[in-house]
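You will see subunit A twice below: alongside subunit B first, and alongside subunit C after that.
Our next item is the complex of A and B:
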């Protein structure tokens, strides 16, 4: 650990109890603020503008006209309290402003004051508030304590989705010049270099060649990891963490082996060497579209027939739910396959067809559980039936290993807990929040570790993997207990040596 | 015609206008505002039929609330279900002759009012004593429950305790409806009941009671999961990003 932690890791609870509120527990200045050049690269003011008040209210008015979700969600809440104990950040920090409804109310109080009759005439009565500097700072702080995981929306009787509200709030903040450094710097890097990590093309080629050599050394088989190969069948879009971070990279090797065995040609793109689309986290339709457009252009330029996404949670949300909207229609691709397709769907289909030979015993040293990533679980789908996003990754895991155990039912599927680092919060300046927010997932993991001897947790999201690698040690686990689903596939797959 | 008759007759007209026009405006606003992205909370139905079932499960059975919190669900369910029965029973004051099924509902409606009060009290007790819910409550959240309790309580009183001259009241109500005003019975509990109802009608389109129309328009519940198969784009997005640039000669 670089710096010594100046906070306490929450203790495991013997049984889940409703936390007692600690008002102001997570009050603060929020994450680092974006510097002017990054702000401007995204089309936002460089720093907090003088007339931020008027611009913020005007922006809110604009968003209310553009997004039905925002309008309905700000009106419909009855303060029933159903969501108050559902947020992992609330459970880990006890700060009442981390209750989903209280977080929404930070925006709702201003909406009521400026956009509703009741709030204009009787502000005190209905909890309406003027937009002051203090409120703006509260927005910045607490809307960067929401990982936009949508767990609250599952439990809300009106489906009010705090993710949508926090996206709107961040968009308003960006429009007045108070953007978050982590997200906006990353988006600026994607525009400039092509991926979140700022990995330029030569470095990418080097890395991939190195991986090919590693696979050759280990297996004796020539498995390729091609980049910018025109005319390949499939364009693979994967998070750039897959190119060098652990355990992500073992997943990438897994995809390569699956393509190799399937005999389907594929390529990465150096111009779209990134699946992530952090513009979603800041609620910017415009930037989200601009980032997504690179993928469309890469697919056209490389003349591929299919697009497949690697293991990345929010990227799969953007891909599955928004890609067609943002930069479709994809009438130039092969319509016989889903557009886009998830790597787990691809591998699952091959397993179903018997096209992959998997030796489960290769993973006998592992006892595995699966972490449903929030954006895959609650904001997208896999396969052709509702809930396929829960079944398909598990079936891929079960086909690759002999020992699989699910975590408790109220912590998986659509009730899954966020890893604690999603939604643009995977930055060191939010480490306290990330550790505390991981509590419910760590408790669920501990349950299967204690009861079934689970040794590894598999995930299909780059953010989840990075977050767990960092926070597992805080809870007494090892950082390498988090693995990629395709790492299991990679270790189990039996490669054919004699290629035709 | 007495002061109270004129006052309540005019109040009913005003309240009805505000309720109907206010709700119509909000519904128009919800319907007109685009939902530019596919954001159903997954897993979501793959067909429109499936969405209808999902929304009905929310509206009729409070499905998500049931998964969330059994106590809130219980009190909310008792209150809303009883409210419907009580409202249906009240139809008898607006129609002549009284329809057959409204006659059947009568005893359930009469005693349903106690269930309604029980549900409301349960919600109020939770709001007062559960720390998390107290934290998120504004004065209006308590006042709304109190207003409904006043409506229910005064209703129970006129039915079971003071026995309002209901025949005369019905004559007043029909008179208001057909613009042929008849004198209103002026016992105080009835007037409290009517005042509270009129207040509720006026407040409805400006308050959190908008959850009633809102639930039908919630994109996380009413969207079909078919983003890959069918392109979904808002008119403003097409205008902003996909319209060809204006041709300059």
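Our next item is the complex of A and C:
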């Protein structure tokens, strides 16, 4: 089944020139379509409805009214071409429809036909097109070849937010009953069980107890990973992959050790046992709000004073940029701390205060680079300084190890390349896209591996970590070369035994 | 999609996971692993059996860490690591082994 690759991994390019285009290279049916129960759990029609055409146009009109930005983005493009070679999927797949402008135009052509005067009267002159079944299928296929990473937006002279356009397209598709299985199945699971993984509370408790034992065996210290502890100072909201996958789980152990050492009480929540909010990927405000509401409720029920988010890229975008307007106000939390706070900010503050003892030599067997995750890099911030989202994770790494090297400047910070699996594309049925889209990041990694002997790439996003663990071997690396930032902290931190 | 096992038709989803978990038996596992051109050895069965037991208790597959630890305890420290599990199940112990064991696919960022 899925075990074998039936595509070629792109070769490293001697020079990163624009590839020779292959029209239709990624034409196809797109990822698996959501089943009716998954759709209905989110309030969408179970399957493609008969009057999809009219409903889609009506939905587009509704979105244009609701989000003035969308109309501006659809109107403003002058086809300057600045974005064309900035997309990792275009670079890896050579498909011209993966040029951000061309992908956007799939939606823009229909917008022009139905919502602009010129398009209504002279469609051919202005590139306007009727919404046909073929166009709808193209939407489904190509808007699931955009990871909403917004790298192209950085280079757009008009600042067109491509992710917003992809989100709008997916929202229209959902509204006519053609949703994506991966995202919608997961959101339905969050409603039913509390997290993306479908990890029930007893399993969560069992896993955490096991981790406490592991830490005890390794360090001799009782470090706790508490669940539902009312009255704890801090509620930690982290991706459920942190309870399940490698290398994520080592990051979770790192958070626990930091809290232990800082002497600050904390708890996880069994009902909000997930930081991720995939509703953002499908552009659904209603679902995004419903998923975010769990966090507010957990914070109130557990009577915490602070909320801290674990290593999860898009969750941090939702948390930092939207949480307050989605489900605020958070006037019941301690106003002296950022609401919410990122685990890297928390650890960084402790390091600045000298509250953590870190033995960098514990990581001397590693030479480390850092992958900026797109939603952290381009859609949020950390700390109280401009660029804090770039500086703080790097400072945490540098405080934990002696050997740190950045990848080339045009592949990091706000110009970072997506891992290739973001935006709801981290699914096995898109493996070809994921491998090909990882090319620019893999080239940047190879650069620091060849020039500085880098052995590990650290990240602060569950999607990035899983994606790299999967695609690194396709490019001749080892799957365990991707690690959590807090894994470095975990290995360097010097624990003191509780005083009794 | 469906598979044929001993003359019986058994439904799977588009990713090859059993639609109805109760349809599972050892012959089903053999057919599913055959799709990946993988022959199940005693070592594979040890993992599959553990997965099914864990699932019975918790309604979810174990975390990779829980799995490696349990295998290590039961079968010796040389087997208690993810490298060993990936050698057995090249597509990943969580997803591939779950499929052979008749369990649902773990979803999310994993």
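The rule we apply is simple: the second predicted complex is superposed on the first by the 496 of 500 C-alpha atoms of A that agree within 3 Å, B and C clash if a C-alpha of one lies under 4 Å from a C-alpha of the other, contacts with A are read in each partner's own complex, and residues count from 1 in each chain.
Basically, contacts are C-beta pairs under 8 Å (C-beta built on N, C-alpha and C of every residue); 3 or more make two chains touch, one makes a residue touch a chain.
The model shown is predicted, which means the values in this text are computed figures rather than measured ones.
After alignment on the shared subunit A, the placement of subunit B and subunit C results in a side-by-side fit free of clashes.
By the touch criterion defined above, A:189 reaches subunit C but does not reach subunit B. In the superposed three-chain model, the partner touching more residues of subunit A is B, compared with the other of subunit B and subunit C.
Residue contacts after overlaying the shared chain place A:197 against subunit C, while subunit B stays out of touching range.
With both structures placed on the common chain, the touch criterion links A:463 to subunit C but leaves subunit B unconnected. In the superposition on chain A, A:439 makes contact with neither subunit B nor subunit C.
Shared-chain residue A:65: touches subunit B; no touch with subunit C.
Taking Cα centres throughout, subunit A sits at the apex of an angle toward subunit B and subunit C that amounts to 150 degrees, reported as a multiple of 10. Contacts of A:380 after superposition: subunit B is touched, whereas subunit C is not reached.
Once the two complexes are laid over each other on the shared chain, residue contacts for A:235 go to neither subunit B nor subunit C. Closest C-alpha contact of subunit B with subunit C, superposed model: 24 Å. If you check the complex, the residues on subunit C that touch subunit A are 14-16, 35-38, 57-60, 62-66, 69, 82, 86, 90-92, 94-96, 99, 104, 106-110. Taken in their complex, subunit A has these residues touching subunit B: 18, 20-21, 23, 64-69, 71-73, 75-86, 96, 99, 101-102, 105, 116-118, 122, 124-127, 150, 153-161, 164, 285-286, 289, 320-322, 324-325, 328-329, 338-340, 377-381, 385-387, 389-390, 414.
Listing the residues of subunit A that touch subunit C in their complex gives 1-4, 32, 182, 185-186, 189, 195-200, 202-203, 206-207, 210-211, 214, 239-241, 243-246, 248-249, 276, 312, 426, 428-429, 462-463, 465-466, 470, 479.
Subunit B meets subunit A in the complex at residues 26, 29-30, 33-39, 41-46, 58, 62, 64-65, 67-69, 72, 76, 126-127, 130-133, 135-141, 143, 206-208, 210-211, 214-215, 217-221, 225, 227-228, 230-234, 236-237, 240-241.
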